[in-house]
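Chain lettering (A, B and C) follows the sequence in which the chains are written, and residue indices restart at 1 in each chain.
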Amino acid sequence: MPRFLKISLPALFLLFAASSAHAAKIGDITDTNVWDQMFRFFSLRDPSLRAVLLGSVLLGVSCGLLGCFIVVRKMSLMGDALSHAVLPGVALGFLWNMTKDPIAIFIGATIAGLLGTMVVYAITHTTRLKEDSALGLVLASFYAVGICLLKRIESLAGGNKSGIDKFLFGQAAALSQDDLILMSVITGVVLIGVGLFYKELLVCSFDVGFARACGLPTRLLHHGLMLLLAFSVVISLQAVGVVLVSAMLITPAAAAYLLTDRMHRMLLLAAIFGVTSGVLGAFFSFLGNSLPTGPFMVLAASTVFGMAFLFGPRHGTLARWWRQRSRTNRVERENTLKAIFHVIEARGFKGEGVSMEELAARRRETLDEARDRVRELKRNGLATYDVAGEATYLTPEGWQRARAIVRNHRLWELYLTSEANIAPDHVHEDAEEIEHVLGEAVVLQLEKGLHYATRDPHGKIIPSSAEIYQPEAGSPRDEAVGYGKRT
Amino acid sequence: MSPVAPVTDPAERPIEVHDLTVAYHKKPVLWGIDLEIPKGKLVGIIGPNGAGKSTLIKSIMGLLPLSSGWVKIFGEPFKKNLKRVGYVPQRESVDWDFPVSVMDVVLMGRYGKLGLFRRPGKKDREIARECLEKVKMLPYANRQIANLSGGQQQRVFLARALAQESDLYLMDEPFAGVDAATESAIMDIMHELKDRGKTLIVVHHDLPTARNYFDMLILLNMRLVAFGPTEEVFNYELLQKTYGGRLTILSEVADAVRRKEI
Amino acid sequence: MNEIIPPFNFQEVIVEPWTILGSEHVWVVLMGFLVTATCGSIGVYLILRRMALVGDAISHSVLPGLAVAFLAASLVAGSGAAAGGQMVEAAATGAHHNFRNPTLMFFGALAAGILTTMLIEVIHKKSRVKQDAAIGITFSSLFAIGVILISVFADKVDLDADCVLYGEIGQVAPFFSPMVEVGGVGIGTWPVVRMGTVALLTGLVIVFFYKELLVSSFDSGLAASLGINPTFVHYALMCWLSVVVVSSFEAVGAILVVAMLILPGATASLLSHRMGSIFLIVILHSALSAITGLHLGYWLNVPIAGAMVVMGVCFFTLAWMFSPSQGLLTRWLRLRVNSTSRQPAPEPGS
C-alpha cells in the first residue's frame, strides 16, 4: 500500500492544485513575450490552459505507469499497434452521434484497440507469420480503415471538421470538460489497478512460468493490462495523436528504466517523466500558433530519454566513459609501478630509488614520458619525485601496490600454465590484462590452489600476500619508509 | 599439446590455431588455445555446457573476433580458403518456416562455388541430387522444409555441406535430437568423407558415444584440456579435468574482466 | 448511419472512372500498382528477416529527412526571384514542385534511413534498453521532428499533414504533373517515371542478388562462412528500403506505406511456400489492390491510397480465411473431419 500512495499522492496533488485555481477573466491576449506567456501558462489562471495542463498531467501519469510494464516485457511495439488500431474505433464512435461524444469515442476506440490485439494474437497463432509482421499488418490495416472512415465522415459533416483531425497529431487545447472528466476517471482506474495488483503484475512481467506455477491467473492479468493500456491510449489520443501516442508509453518508461534498478522507483520516475514531457510539450506548442501538441510532447520525452541515456549516473554514456577513463588511468599507474619494481628487482633489490633513465629504458619511452608517469604516481601518493637527482622513490603504499601487481601477474601465469595447460609463451599477454582485474579474494584462492608456490613459469619470484601486507615500521606516509631514501 | 607429429607443409594442415583467445560479449570464453589438426581425421570436440565448443568453431571460421592469436586454414587465413570449408550450423539457428524447399537449401551449398551473379546450373542440380541421395532425402527434394522432422532437417543440412564439396567440414552438434537411424546414416557419411581424405571437426554433445565415433578428441573447457587420439585421451583423469569444474577461478576471472570492461 | 455508405451505382462506381477522366485515372492506378509492388517485394525480405517493424521505423523516419532536404533547397533557392516564380506556379497548379528534384529527396531519405538504423543500434547496444523500445523511441522522435518542421516551416516545405498521413496519389495524374518525353513521346508523368525506375531497379536487384539475399536471410551463419557480411547486407537493405519508401511517399504518405510493405508479402506467404510464387502473388496482389482501390475510393470519396490499402486488407483476409494450407476455414474443416472420423490424422512429412 505505501508504494501505491507514493505514486498516487503526487498525482492527486497535481490534480487538485490544477482544478482549484481561481477562474479569472481573461481579456484580449496580446502578450508575445516568452516570459509572459510562460507565466500565463503556469499560473493556472486561464481555464483553457488549465485544461491543457490537467490533461497533460493525467496522460503523463497513466502512460508513464503502464509504459513501464510494456517496456519491461519487451512489448513496446504492441503499444504502437494498439495506438494505430484505435483509429477506426474513434471514427465509429464519432458516427454514433455525429458529434464528438467522449464516451462513445472512448468505447469505440477501446473496442477497436482490443480487437486489434486479438487479431495480432490470432494471426501469430494460426499462420506462419511472426509477431512483428502481425503487429505491422494490424497497425497499418486498421489505420487505413480508420483514415477512410474519418475522411468519409469529414465529407459528410460538410465543412465542420468537428475536431476529428485533431486525433491524428493531437491538440491538447481541444480538450473539453467532459474529456477531462473521463481522463481523470481512467487515470484513477489505472492508479488503482497498478497499486492493487503491483505484486502480481511484477511477477507476471518478470517470469510468467513461475507466476503460473504459483497459481496466479496470468492470462487474466495479461488481458487486464491490455485493457488498461487501451484505456490509457484512448484518453491520450486527443492530446498526442494516433501516430505518436505510443511514444508517450515507451519513452518516459525507457528513460526511467535507465536510471533505476527497482520497479517501484521506475514507476514513479516514469510517471514524473510522463508528466514533465506532457506539460513541456503542451507549453511549447502553446508558444507557437495552433501547432499540434503531440510532436512536442514526444520531443520533450525523447529529450528526457536522451539526457538519461547520456548523463544517467549508473548506466549513462558519460558515467561509463568516466569510469572507463579512471580505469585506464589506474592501469597506467599500475604498469608504471610494475616497471619500477622490475628495475629494482633486476639489480637484486639493492640501491635506492629508480632514475628516470632507467625507468624510460625499461618502458622504452622518452624521459619526458617517464617524468609524466612519475608525476602521476606522485599525485596519487604512490611515489615521490626527487627533482635534483631525477629519481623516484616508492612510498609504502606504492611499494605494496607494486608488489601486489607483480604477484598477480606471476600467479596468473603460473595458474594458466599449470592448471589450464596453456603454453608458457602464451600467458604473458593474458596476464598483462588480468593482473589489473584480480580481486584480493581470488588471489587468496589462487595462492592456496597453487600451494603457495614461490616461482612463476619463467623462474621469477612471486611476492606473497603475507609478505606484502606485513605492517611496516613507521607511519605509512613517512617518505623514509617504503622503497626509497632512508633518513 | 599435440602428440601427433606435425606435418611439415603448412598448406597440408587443415587447421592451425595459435594462442586463440576469444571473448563473447566482452567475457573471455576461450583462453590461449593451441591446436594443430592433421588431415583426414574425424575429430570430436567435447566438453561441458558453456565450455566454448561452438565458440571455437565459429572463431575458426572468422565469425567471431579474436582477442588474441591467429587461425590458419590450409596455411592461409580463413577468408582466403573459404571455398574449402563446409559448415553445418546448429539446427536452431535457422527459421524452418522459410519458404524454401529441401532442394533450395541444398543448392545454397553451391553458392560458394558460383560467385556473385551466376545461377545454379544443371551441374549444380545434379550434384545437389546426388547429395540428397546420399542422405536418403531425394524423395523430399521439393518439399518445404517446415514439414520435416528433426532428423530429416539435419540430413538436409548435411546434404548442403556435402554439396559444398569442401576439404574441411566443421559441424556443430549434428547428432543433437536426431533419431537412431539418422545418427547412423550421418556416421556412415562421415566415414565415407574421411576415407576420401577429408577432415571433419564435429562438436559433440554426448560423452559415451564420443569414444566410438571419433579418431581424435579435443577436450575443451574454456581452455584446451587435451587433444589427441581417442584411446590416449579418453581416460578418467582427463575427463575429470574437463568436466570436473575445478576451473571456477577461470570463469570467475572471466566475469571480472567483463564487469570491469562495463 | 446510412449516409456513411453511399448508394452503390454500378455505372458511377465501376464504369465512370474509366470513361470520365480515364486518362488521368490510368496513371493513378499505375502508380498505386508500382508503389505496392515495389514495397511488397522488398517487404518480403523484411517479413522473412523479422524486420517488419524496423521497416515501420524507417518509413516514419524519412519524414524529417525530406523536410530537412526541402528546407535546405528552399533556403538555397528561395533568395532568387525565379524561385518565387516557381513557388507561385506551383501554388497555382497545386503540384509539389519539390518532388521534381529527385536527388534531393533521395539524399534526405538515405541520410534519415542511415541515421535511424544507427540510432537504433546505438540505443540498444550501448544501454539496457531493448531493441523494440529502441525502435519505438527512434522513429517517434524523428517523426515528431518531421511534423514540427513541416508545421513551423509550412511555407518553405512543400509538405502538409494530409500528404504525410495518406499521400496525394491524385497528384501523379497528367493534370498536375508534367509528362516525361522520350524522343517526343510522353511515357509518363514525372512521379510515375521515377517510381517506375525504382521499381525496375528493385526488380533487377532481386534478380541479380537473389542468392545472396536468400542465403543471408535464411542462414546468416552459412552466409558469413561463404563470405557474405551480414552487417553489410543489413545496412544495404535499409538504404534500399529508404529509397523505396521515399519514392512512395508522395503517393501514399509515411504511414500507409507500412501496409504496402507488409500486406502483399503476408498474403503471399499464406498462399505459397516457394519464393518464386511469393513474388508472383505480390505482383498480383498489388495489381488487384490498385485497381479495386480506385473504384472503392471513387465510390466512397476517400483518399485513394487508403482505399487501395483497404482492398489489400480484404484480399489478405480472404487469403487468411481460405488458404489451402493455413487458412482458418481449412483448419476448422480439418478439426471437424478429425473429430468425426475414427482414423488418426495423417502425419506430416512421412
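The working rule: a contact is a pair of C-beta atoms (placed from the backbone, for glycine too) under 8 Å apart; a residue touches a chain by one contact, two chains touch by 3 or more.
This structure is a prediction, so every number in the text was calculated from the model and none was measured.
Trainee: Could you compare the number of C-beta pairs in contact for A-C with that for A-B and name the larger?
Mentor: Here the pair linked by more C-beta pairs in contact is A-C.
Trainee: If you average the CA coordinates per chain, which chain's centre is most distant from that of chain C?
Mentor: The most remote chain is B.
Trainee: Mind checking the centre-to-centre distance between chain A and chain B? Centres are C-alpha means, answer in whole Å.
Mentor: Those two chain centres are 40 Å apart.
Trainee: Could you state the distance in Å from the CA-based centre of chain A to that of chain C?
Mentor: 34
Trainee: Where in chain B do residues touch two or more of the other chains?
Mentor: Counting only residues that touch two or more other chains, chain B contributes 146.
Trainee: Would you mind listing the residues of chain A that make contact with two or more other chains?
Mentor: Within chain A, the residues that touch at least two other chains are 128, 130.
Trainee: At which residue positions does chain C touch at least two other chains?
Mentor: Each of 50, 269 in chain C touches at least two other chains.
Trainee: Which residues of chain A touch chain C in the complex?
Mentor: Checking each residue of chain A against chain C gives 71, 74-77, 79-80, 84, 95, 123, 126-130, 132-133, 135-137, 139-141, 143-145, 147-149, 151-153, 155-156, 165, 168-169, 243-244, 246-247, 250-251, 254, 257-258, 288, 291-292, 294-296, 298-299, 302, 305, 309, 315, 317.
Trainee: Considering the complex alone, what residue numbers of chain C touch chain A?
Mentor: Those in contact with chain A are residues 1, 3-4, 47, 50-53, 55-56, 60, 123, 126-130, 132-133, 135-137, 140-141, 143-145, 147-148, 151-152, 161, 165-166, 255-256, 258-259, 261-263, 266, 269-270, 300-303, 306-307, 309-310, 313, 316, 320, 323, 326, 328, 331.
Trainee: So in the complex, the part of chain B that touches chain A is made up of which residues?
Mentor: My answer: residues 1, 19, 21, 31-32, 34, 68-69, 97, 146, 222-226, 246-247, 249-250, 252-253, 256-257, 260, 262.
Trainee: Under the touch definition given earlier, write down the residues of chain A that touch chain B in their complex.
Mentor: 128, 130, 320, 327, 415-416, 419-423, 426-427, 429-430, 433-434, 436-439, 442, 445-446, 449
Trainee: Sort out for me which residues of chain C touch chain B in the complex.
Mentor: Those residues of chain C that touch chain B are 48, 50, 208-212, 214-215, 217-219, 221-222, 224-227, 269, 272-275, 278, 348-349.
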